[in-house]
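Below are two complexes that have chain A in common, paired first with chain B and then with chain C.
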Partner chain A sequence: MVWRTATVAQVIEESPSARTLVLDVPEWPGHRAGQHVDVRLTAEDGYQAERSYSIASAPESSTLQLTVEVIADGEVSPYLGQEVRAGDRLEVRGPIGGHFSWTVSDGGPLLLVGGGSGLVPLMSMLRHRASQASEVEARLLVSARSQDDLLYRAELGELDPAAGLAVFQTYTRTAPPGWSGWQRRVDASMLAEVDPGPGAHCFVCGPTPFVEGVTHLLVAAGHENHRIHAERFGPTGG
Partner chain B sequence: MPAFSRGFHGRRDPAVDPSRIPPGQYLTPDFPVLSAGPTPYVATADWSLTIDGAVDAPLTWSWDALLALRSETFTVDIHCVTKWSKLDTTWTGVALDTLLEGVGTEADYVTAWCDGDYTTNVPLDDLRGGRAWIVHTYGGEPLAPEHGGPARLLVPHLYFWKSAKWVRRLTLTIDDEPGFWEAAGYHNYGDPWREQRYWND
Partner chain C sequence: MDDVHTDGNAIAGLLSQLLAVDATSIARRCQSCGDERPIADHRAYHGAGIVLRCPSCSDVALVIGIGAADVTVELRGTFQVAVGP
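What follows is the complex of A and B.
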């Protein structure tokens, strides 16, 4: 698969620890919502480092957008999340991963569950759905530590609930003042309120313990294995 | 050589022997979990392993029968296509050489079938010669479900998706049949040292 030299057109601050890189990629072949890319950096002495990042933008977008959460002791994410600025170039190749992806023709209902930056590939799906003016029933449950950590906060608020979309949030560490919603980790009763029922296309993305827990609950709630798409990141935590 | 990335220096650990890190990989002290769906939980009492397909006679081992076979404890490096590598991982299990003893076959390929509907394909030769095992123990402990327990295939000289978690059946085939990831854009063979991650790599 070929590497393409992307140019950073814009950098968007999404949270205290995450930024979106808006990339111009010549001859980008297009992607399905939910897929990811490989990014390769090259130091002056020729040393290279590669990592994978989910695509945040819809396939319909003219730019390729990656949202990168900075991992404190990481090698690549601090560079992408703090150092990179408009005009810089980096190499990307993709799209990669056909399993964790969705297109409006796949139909619904959709059950999207994201933990932290696990929201990124799910946002690509919702942006794709909105671009296509799809009214496929979609439920999004986002778990964030706090409101500051919630990615795409303004955009999530603007997504049209009339078009069959419902967005649910839970804050696991600090809730904003006046918040009367959920303030705990995702559990069975929370999922039961969000769940559109059997037959849903389920997509779960987040840190490994989060995804292990949520997918286990979905199986227990009667969702079929092959409809539960999972993407995990980070250490096992155990 | 591509243009360098302004301000990127990278992190090089002088204690790491670079000859052990395949191109594009980085070391992790963690043990990340990559699975396409939920983790299946299978009790060892309900578990069995079958070798079937283009064989003279299929063979099946119960959990106890597997444990009764000659086991090996060994230390290898593992390389995941998502870029992480982990050195000096210690496993215990049964060599495929042992399981394939006495299996008459004309097959050149194997498809591993797993709980959770996962499949992967490997040339039969790659499972021979002390290069592949069915492992049930990691670091002296029973293999955790999220890492493929009760038992997984281990083929450490290929990218780690070939080391199928929750393996239950090895079907020997005359023709090569792409598995789950192999049909979804990932390389059919997956040699980390040749960086065979994706189709056409």
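What follows is the complex of A and C.
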């Protein structure tokens, strides 16, 4: 797999701590929703750092979009999340990871559970599903610290509930005024309300403790291991 | 060992330097507990190198050494690698 030079076409502010980098990647081979790329930065002295970022865009998109959340004291994410400008160049390698991926022909129902920026690869799946006008039953549960931290908030609100999609949110730190929904971490009773039932393709992405907790709950609720696809974001230096 | 880990997805880019197929979907049967799970489900512990462990019994599945000049990979257990048409 080769490193390709990507050019930043646009930067979109998603939240106080996250930005989407819209990249033009010549000869990009295409990807499946859910996959990620490695990004490599090279300093003037030759020092290199690599990090993995999930692809946010649908395979149908003409650009490759990565949403980067800034990890405080991180080595790479502060640069990508705060300093990169349109016209800058980055090296990317991918797409990577066929296990955590979904295409409409895989069918459903889908149970997507994201914590924080774990929403990113799940959004690629929902964008792909929308691009294909798929009506595969899909349930998305997003756990965010607050409404400001919820990525793609406007777009999530516009996704059509009539087309077999239901979006659920829980706010773990601060709920918006008048919010009557969930204000706690994902637990068994919450999952039970979202869960389309046994046989669902489950995709869980987020920080490691979040993913560990949710996957254990899914197994306890009767989901089989081979239908639970998980991806963990660890503190690997940000 | 540090209890903070990621999973097999996180090392797939690295393994793409060595394998012609997607590493995350490779099924590995653990020589210790006998469970067969995809590499994506294994736990990855990051240090000077990377140690991948069985999600069922924590036995070592794979050790990656990252040196200045090369990357070395030691595999344990059986890995079922399939290549599509």
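What we mean here is this: the second predicted complex is superposed on the first by the 234 of 238 C-alpha atoms of A that agree within 3 Å, B and C clash if a C-alpha of one lies under 4 Å from a C-alpha of the other, contacts with A are read in each partner's own complex, and residues count from 1 in each chain.
Methods note: a contact is a pair of C-beta atoms (placed from the backbone, for glycine too) under 8 Å apart; a residue touches a chain by one contact, two chains touch by 3 or more.
On a predicted model such as this, the values are computed, not experimentally measured, just so you know.
> Will chain C clash with chain B on chain A after the two structures are superposed, or do they fit?
clash
> Give one of first, second, both or neither to describe whether A:137 is in contact with chain B, with chain C, with both, or with none.
neither
> Between chain B and chain C, whom does A:98 touch in the aligned arrangement: first, second, both, or neither?
Once the two structures are laid over each other on A, A:98 reaches both partners.
> Check whether A:5 is in contact with chain B, with chain C, with both or with neither, and answer first, second, both or neither.
A:5 sits against chain B, while chain C stays out of touch.
> Classify the contacts of A:42 with the two partner chains as first (chain B alone), second (chain C alone), both, or neither.
first
> Just checking: does A:218 make contact with chain B only, chain C only, both, or neither of them? Give me first, second, both or neither.
Only chain B is touched by A:218; chain C is not.
> Check the residue A:24 against both partner chains and state whether it touches chain B (first), chain C (second), both, or neither.
The answer is neither, since A:24 touches no partner chain.
> I want to verify the contact counts: of chain B and chain C, which reaches more residues of chain A?
When the residues of chain A touched by each partner are counted, B comes out ahead.
> What stretch of chain B clashes with chain C when the complexes are fitted on chain A: 3-11, 57-65, 93-101 or 165-173?
In the superposition, chain C collides with chain B along 165-173.
> Across the two complexes, find the residues of chain A that touch chain B and also touch chain C.
The answer is residues 1, 38, 50, 52, 96-100, 208, 225, 229-230, 232-236 of chain A.
> Would you pull the chain C residues touching chain A in the complex into a rising list?
Touch list, chain C to chain A: 4-10, 12-13, 16-17, 22, 24-25, 37-41, 44, 46.
> Help me check something: in the complex, which residues belonging to chain A touch chain B?
Residue list for chain A touching chain B: 1, 3, 5, 38, 40-44, 46-52, 75, 79, 83-84, 88-91, 96-100, 208, 212, 215-216, 218-219, 225-226, 228-230, 232-236, 238.
> What residues of chain A sit close enough to touch chain C in their complex?
Residue list for chain A touching chain C: 1, 36-38, 50, 52, 93-94, 96-100, 208, 211, 225, 229-236.
> Spell out the residues on chain B that touch chain A in their complex, using ranges where they run on.
Listed in rising order, the residues of chain B that touch chain A are 1-12, 24-26, 28, 30-40, 82-83, 116-117, 144, 146-147, 180-181, 184-185, 197-201.
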